[in-house]
Each structure stands twice: as structure tokens, then as C-alpha cells.
Amino acid sequence: MGGCACSQPGVPPALENVEVVANDRVASGVGLVVLHAPRTAATVRPGQFVHLRISRESAALLRRPFSVHRVRGERIEILYQVLGTGTRLLAERGAGEEMDLIGPLGHGWEIPPGITHALLVAGGLGAAPLGMLAEELAARGVAVTVALGAPTEERLIARDLFETVARRFETATDDGSCGVEGFVTGVCESLLADEALDLVYTCGPEQMQRIVAAQAAEAGVSCQVSLERLMACGIGACLSCVVRTNEGQKRACVDGPVFDAATLLWDRSEIL
Amino acid sequence: MREGVTHTVDMSVKLGNLILRSPVLTASGTFASGREFADFVDLERLGGLVTKGVSLEPWEGNPAPRIAETPSGMLNSIGLQNPGVEAFCKKDLAWLAGVDVPVIVNVSGHTVAEYVGVIERLESEPRVDGYEVNISCPNVDSGGMAFGTACVPAGEVTRACRAATRRPLIVKLSPNVTDVAEIARAVAGAGADAISLINTLLGMAIDTGTFRPRLARVVGGLSGPAIKPVALRMVWQVAHAVDVPVIGMGGIMDAEDAAEFMLAGASAISIGTANFVDPTTSMRVSDGLAEFCRARGIRRVSELTGALRT
Amino acid sequence: MREGVTHTVDMSVKLGNLILRSPVLTASGTFASGREFADFVDLERLGGLVTKGVSLEPWEGNPAPRIAETPSGMLNSIGLQNPGVEAFCKKDLAWLAGVDVPVIVNVSGHTVAEYVGVIERLESEPRVDGYEVNISCPNVDSGGMAFGTACVPAGEVTRACRAATRRPLIVKLSPNVTDVAEIARAVAGAGADAISLINTLLGMAIDTGTFRPRLARVVGGLSGPAIKPVALRMVWQVAHAVDVPVIGMGGIMDAEDAAEFMLAGASAISIGTANFVDPTTSMRVSDGLAEFCRARGIRRVSELTGALRT
Amino acid sequence: MGGCACSQPGVPPALENVEVVANDRVASGVGLVVLHAPRTAATVRPGQFVHLRISRESAALLRRPFSVHRVRGERIEILYQVLGTGTRLLAERGAGEEMDLIGPLGHGWEIPPGITHALLVAGGLGAAPLGMLAEELAARGVAVTVALGAPTEERLIARDLFETVARRFETATDDGSCGVEGFVTGVCESLLADEALDLVYTCGPEQMQRIVAAQAAEAGVSCQVSLERLMACGIGACLSCVVRTNEGQKRACVDGPVFDAATLLWDRSEIL
């Protein structure tokens, strides 16, 4: 994490031509694209991402970074929210179409040896990078508690996956249509009080992550967050994705996107 | 195929005293010092590696957001973040010691003395093959572009750097000027061995959701295919204005683009923003240029330089 | 829906003495005198119609090819082909007599006297509501851009035109300069009522099949979305430099783009190249701007002007 | 023709949303796209064209002009040669996809009253705008002779259509794989000598049209040519498409694309 790339050597990234296997809407404005990407599928670790070139013809030049949500055989799954030009184009892509990606990229979630119980706190699309992590933790015998938040029940992303692997699964919705009415940070607070946790992993809107990090710190539990930054290269060369830490400026694409919350200088950091 | 290509087309080009094995360089700030691209590119097949801007002291760069995508282009306001020349020597040059490629260090400064200071520190480093003096960065408050937008200061920086080194000295020009040929003549007259252009065009983008500028610094430098027509025009103007070789860049995505720059008068070309879009671009352009020549019976890639028929 | 929109948002803007019913104008040279667009646009809903450049005598323009497509943009070297002010009055103004829209005549010349001559001839024409003096065309050999790239000549043309008319006088600036704010101050000081910008960026494109320039004239003017970041930056700079209103243009394709220009400081905006891509763009932008304001509870579109939060 | 728009009032052009009905390869590098375009189909006249927006996302900004080859009910057919960005994108478009066009545009072929026998000379894709014309002439009882040229037999475009409507049909191929070996201008010359013709209509490479026009002039037969020019607006506003004539500069998009060959100043005109 944050600089200690030593602990996650991984494989070097490569340019991989991939094919769309399926691309479906999973909630309003949210899609799940399945890509045949054997090299990435075989090598990606939880919390890493791919830098996707959605179209070659488009006036939108840059790649788009997306977390790998799950791996199934030679396929990777990406959960995406339709926001702008790139994700709109992505939503139009059908089975059989080709794209290319650079991956696997970034420094993902750390799973320290010996942990027994982890809390995963996801807000909205923040569920995306936590999918693989939940599966990996469960596979390693770590007890997983998940707190998932969204505006409405329909927008609770990856609910099935979390329900399957989590020992405890709580939800919060803004409209109370499922679980607690309110923010997922409320749920997080009670869970931190209720459960004996070794680690908190969180992803979602930066404001939410900040609160979760503060709650974890308060509770004396260490916390990892996955940050989103604007990224041009994705491989550490352009310095567009800087994150301010107590060890100086770090690059979200190679030193992150996952950082130890304790190292972040939130007050100076950018809210996208 | 590729074998055949490299055998039949002479890809070497001359930049003053420098003989490069290929006309394809990397543009400063888009390739770091090469390490991040080693997984994608055979660095030893590059004509040269132009490093990220290096200053005398460490520079923090600008606050984020530092980039914004624009139609067929991007804005950046990185602001020359770099750890300073000392750290550059220890880390980047040390790593480059193991790579057989000409290294051209891009030099930044707030004052003439700072530019000279960087060069003086690097003179003792054997791994440095030449300098590119950046008098055209739109992203720093003093120095940078200010030197590059008028003839007198442009000439002064060049003269001072020239006095500090006998190594190949390239001066990189700003496109944000009324008459680029005039600036080119000033720096050539002051001793530059070659001229590179263009640096980024000063631009801006606004988020209509928040009514805020997309870049924290408000303005930044525009690069990518959007600027190619402007870059080509300036390369053509400068190639006609001076006798020193020109290194062309601005929106080159493929071999056809590279050929356009050479036809307009460039002796070599640099790949910038395209490295982000496709990290293998420099290799693709290199192979593509060889193929471009082969298909037309052109024996030396250098024959393309200035071959525009007007 | 549209009804609701026009009722709740005041779309009128002031350009000096001119009160326009909408901030959306058409950019000179991309809309002829409106006739060709009458099938696609309700001309009477435009804030104003800026005509193709008009000169004292007929101009032939440049040889073909006169355009070239570039990434997210196009180059043109039309060269102000026009039948001269006399034919313009007889044909274009006569046709415009039947259309209720402010007509701003774009004025070209090789010399100060020619600019003034065009205005003098038009002073007696009641159908003319104002002038836009083009000191920024990159496509003619003398005059044109030459006036727009230095303060002294820019001021001179403006002063002479100002002396010839009491009608609203807009001066159109070139982006091909080191310091656009300085030129803006010169023309505002010389009596311009408003400033419009940007004209096209000087660019070039090469056909790698034939080794020839894509434009017969070799260089031409770059327009379209590619130049939007540069245009926005210049509008922002000029809006801070002068007190007269600014008309912004350069790559506007939709209402969001238009809003960006207004936030940067433009009081009105012009649609240029987008008219070719979608001939209904001016209406789409007009409706879209109203909707943009309505959705944000903004009662007057003029509140957008300069509302950038930095 | 050339300015006398009086003789072809036609309907004003409009922006029409169209849908791809079919899009098939008809020869190497040549496609035929069928568009559902009821307004254009009902109003287009032979020799007119449409200005097609192939993609909204593409960095290639401008529309592309294409002649209407044939009309069938509410559908128009366009024959296109894959050359650059736009036509490559066009070739990728499948049934059901949407585009928009401006049309019908331009001043098409003139069919003077009283003519009894016309020669159509097409080189390569020049066959495209002659399709509708051949059908219209035949429908009006005018005898049609067609001379069609191409590099090889496979590239003889719209052969079926011409064979069906023409009284006489001759071909020329560069490799002699069908008809005369050589250029179609050779065939034209013999036909001008053989047949009693009232009019020659031609479209193809500009060099070919020039020769055909000269041959027709020599034979004392009037000749109409359809010219290609780079076009930005397509509706007469931008002056990018100028053609030099003995009546001054004309705009190919509204005064043409069909011109009376006798008015053209070929020597100064641009070869694309």
C-alpha cells in the first residue's frame, strides 16, 4: 500500500485485446460488462484495476479506469456507472465487440496475515472493487461483514455476491427501501461498536470514505480506502493522479488506488 | 516482415552531432524516464528518450485536478512536479545506466541561473546525451513559458545554457506566440543545436455542473490530436526559418501523423499524449514509418524531412 | 416544455447598445447571410445574424481544396470569397429585409481605407444593425490577420471604423497572438463596443499519399471542438482585461459548450463550424441554454456571464 | 444546372433521422447501405445527394456526401467505396442503427424534354448517381445506352441495374476480365460514333469525365458531368466546394454536383 509495492509484487501490466462476452444493465444507470481477458483474469488481484480503451474512433481520447469486480475463469467483470462520454459508449458495446485494456494495474487491497474478521463498507459503485476482495477473504477463511449503502434498494450493487460470502450483511438506503434508512456510515459506526474487527476496507464517495476512515481510527481499527483520481496514463508516468499523503505526493495509479487511510492528508485532497 | 523493414530502410537521423537510430523520440513529461514503459516498449529501439522536466530543486507541481479531457485532446497542469536534479541523477539516471538509448534531459527553471544550474550538475553525468531546454511550459508561474514568448529572454536562456555545455542543446518552443519563426531564429542564433516544438497550447475547460474550472490551476496545456494542425504549421514555419534541425511533436498518434511532421520539415518527431492512449505508440510509429518508406521505395527515412511538395 | 422554458428564463442579453433576444449568434462565414439555413432554423429566434465577411470589391477567395478535416476540427482557407459590398446590399440585405433579426455585417479589408469604405457604404442601409470588424482572418495575404496580431494596427483599424459609424462596433480578434488581452485593450481603447473571439487558429495538414498540403493555400484556419479549450481561455483572459462585452466562439457544439463560454465571461456566443455538422445547432443551443438555466433556477441567461467560481 | 436552379425547383432539404435497413458488401471495398428515409425517398431526384452524419462520437466531425443510387419505397440506397475514416465507420454500421442526413441536396441531372437516346458513362463508383437516372430515363421512354468501366469484372458496380434498364450495355475493364480491355473512355468513343445520341451523362474519376466531355463536345453532343468536391455544409453556405465555370465560381453542393460540361473551366479545376 501507499508506496510499499514490495508486499504486492504482482505481474507487470500488459496491453491486452479483450472481447465483450456480455453487457447488461444491473440497476438504473449501472451496467455489468463481462470481458474475455485471459491474461488479466489470471493475474489480477483484489482492488486492482484495468485501464480500458472503449473506442478508437471517439473524440474522447483517454482510457477509462475501472476496478475488476470479479473474475470467472478467463473472464473479468466490471461494474460501471453511466456518467459521461466514455461510460455511455461502454453501455452501447455488445457481445463480440473488441476493446483493449492495460492491466492489471495498481496496488490493491492488502490482506495482512492473521486477520480473522474484516468489515467491508461500500457506497454505491464503491461495491465494485470490494467484490473480489470479499471472495478472496472468504476463501482465506476470514470472516467478512459487509455494509452496503445506496440511494434505493434497486441501487444496492452486487448484493448477491456479498450476501453469499458475508457472514453478516447490512444495508442502508437513503429512502429506507432496504435496511437502515440513512447513510451507510451509520451502519458502519454500529458495526464497529458491535463486532471485533481487525480491518476496515472501504470504497465509495470520497466524503463517505473519509467518515469511515475516521470512525475506524476512532475505534482503533486500521482502514484501507480505494481512491478515484483522474488518470491519463494509469501506469505511473504522467503524475495526473496525485494523492497527498504524509509520505509526500503519491500516484493513485501505481502507489494506490488502495491506501492506508492513516497515511492520507484528507484535508488537502481533492474531491472529484 | 519487420525484419525486412529494418533491413531495407535506413531509419537513422542526424540531429546536429547526435546520430539517432530512429527519428522517434518520446515527448517530455509523457514518458517519465522510461521505466514505466519498459513493459510495453523496447526502449533501445527509440531514437531517444526525452525525460520529464528536471529542475534544480524539487518542485511540488500544481494542485489536483491536473488533467481534463477535451475533444481529441487533453489539458494538463502538472506543473513540472519533479524531485529535483539530485534525485533525478540518483534514481532515474542510475536506472537508465542499464538501457542503451540516448538520454535527453528536459531542463526547467524559474530563472536563467536555475536552468544553468541543472545543466552544470548534469555535465558530470555520463548517462546524459543532450539537453532539451523547456522555455515553454504554460504551467508554472515564473520562468517556463515567459522565457519562450519573447525573443530576448529566449535568446538569453539559450546563450547561458550554451555556455554551460558542449553537449547537444535543444530548445523547446512555445506555440503561444504571434511569430514562432522569430523566436526560433533567436534561439538558433544563440547557439541551439536543434529546436523542438510544439509544447502545449494554453487552454481551459469548465465544469458546467459546478461552475468551476476543470483544472485547479484554471488554465493548462492542451495536447493531443486536436493541436496537430497548429503544430504542423509551426514546424513548417520554423523549418523554413532556421538551419538547425527541428524535432516535431503535437498530437502524433500513428506513422502517418509522424510522416506529416517530417514532410513539413522535422528531422525527428516525439510521441507525447499518445503514450497514454496506447503505451506502445512509439514502437508502432517506428515500425509504421519504416513501412511507410518501404512501400514508397524510400531508402532513408531522413529523405522525408522537408519533402513536402508545394 | 419549450413554452415553459421561454416563459421562465429571460434570454435577452445586452451588447453595448444592442439588446439581443438571445445570446446565440451565428459566426461569420459559417452561416452565409442566413438564407441557406432558413429551412433549418427560425432565424427570428437568433440573437443576431453575423454575415460572411464583406469587402469593398468582390474577392475571389483562394483556390481549392479549401477545407480539410482534422481531429475534432476542420481547416479552411476560403479566403473571404464574397461579391463585394454592393452586391451584398442588393442581394443579401434585400433578402434580410424580410427577416426580423439583428444583422451584424462582418467587415473585411486589405487596408484601413477598405474597412472604412465598407462601413461607409453600409451606413445608409437601414437593415444593418452593427459591424463586426474582422482583423483576424488567417486566409488573406495582406490585411486580415496582420491587423489583428499587433496592438498598433489593431487600434488604428478600430479607430478609423469607429469614426465612420455610431452603430455598434464589434472587433473580432485573432487567437494567433502571444497576448490576446493586450490586443483586446488596444481595440477597446480605440472605441470598440464589443470584442468577439476567437477567429481560427492558423494550422496545416498534409496528404501523406501525395506529399502535398491538403489545402491549396498550404495553411488555413482551424475551427471546431478541437480549439474550444484555447477559445475559452482567451475569452476568460479578455473578459478580465476589458470592460466591453465579449462574444465568445470556438468549437461550440451544444448548450453545455455555450454555458462554458458564458461562465468564462462571454455575454453572447456564436455558433460556427457546428452549423455544418448540424444546421439546427443554433436553435438547439438556444433551447438548451434556456433549459440549462431553468434547471438551475437561473432567471436570466445573462447571470451566467462571468459566473465562473475560481 | 450550373445556376439555372429554376428548372429543378425540388423540395427544400431537411434534416432526417434515418435507420439502417441493410448494409452489405457488393464488391471488394464497396458497400451498399439501404436507409429507411421516407422524406428523402419521396422527394429526391436523380443526381441529387444526401449529406450523411455517420457517427456522433467520432473525432471525424464533418458529414459525408453520397449520391442516392436508387429509391425503393421509403428506402434509399447508397453505394459507397471504403476510403477513409467516414466510409470505414459506415461499413461497420448494421441494421437497426440510426444516423441522420440532410437531403435531398444539390442540382441533379437535367432531362431535357424531347430527348430520345442518352449515353451514360460510368467509371467505378461513378455508377452510383447514374442508377436513378437510368431508371428515370427508361421510365420516360428514353433509350439508354450504358458504358460501365472498372478495374476488374468484380468491380463493375450496379451492373444488374444497368443491364435491366439499358437498351445497350457495354463494359470495359483494365484487365479485360469483362468487356473491352482498357478504359471506359474507349467504349464511349465508339458509342459516340455508333449511336445517334442526344445527350451524354457521366460520372467517375474527374480525369475520365474530362475525356468523356471532350469526346462528346467533339461529337457535337451535349454532356452533363457530376463533380465531387470537398464539402463542409452541403447547403451552399461555406464556399468550400467551389467549381470554376465560365459563369464564375459555382458551388458544387447547390449549383451542382451536376454541371453542363460546356460551362466548366477544367484547366483550373481541382483534381481531388
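Here the chain labels run A, B, C and D in written order, and each chain numbers its own residues starting at 1.
We adopt the following convention: a contact is a pair of C-beta atoms (placed from the backbone, for glycine too) under 8 Å apart; a residue touches a chain by one contact, two chains touch by 3 or more.
Keep in mind that this is a model prediction, so the values were computed, not measured.
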Taking each chain's C-alpha mean as its centre, the one farthest from subunit B: D
Between subunit D and subunit B, distance of the C-alpha-averaged centres to the nearest whole Å: 47
Intercentroid distance (Cα basis), subunit D paired with subunit A, Å: 55
Whole-Å gap separating subunit A and subunit B, where each centre is the average of the chain's CA atoms: 36
Subunit A, residues touching no fewer than two other chains: 59-60
Residues of subunit B whose C-beta touches two or more other chains: 71-73, 224-225
Overall pattern in which the protein chains touch one another (line/ring/star/complete/other): complete
Subunit D partner contacts - residues on subunit C that touch it in the complex: 29-32, 36-37, 39-40, 60-61, 63-69, 71-74, 76, 78, 81, 216, 224-225, 273, 275-280
Subunit A residues within the subunit C interface of the complex: 59
Residue ranges of subunit B touching subunit C (in the complex, touch as defined): 70-73, 75, 149-150, 176-179, 201-206, 208, 210-213, 218-219, 222, 224-230, 232-233, 236, 251, 256, 259-260, 263-264, 292, 307-310
Sites on subunit A touched by subunit D in the complex: 55, 57-60, 85, 89
Interface residues, subunit C side, partner subunit A - complex: 71-72, 225
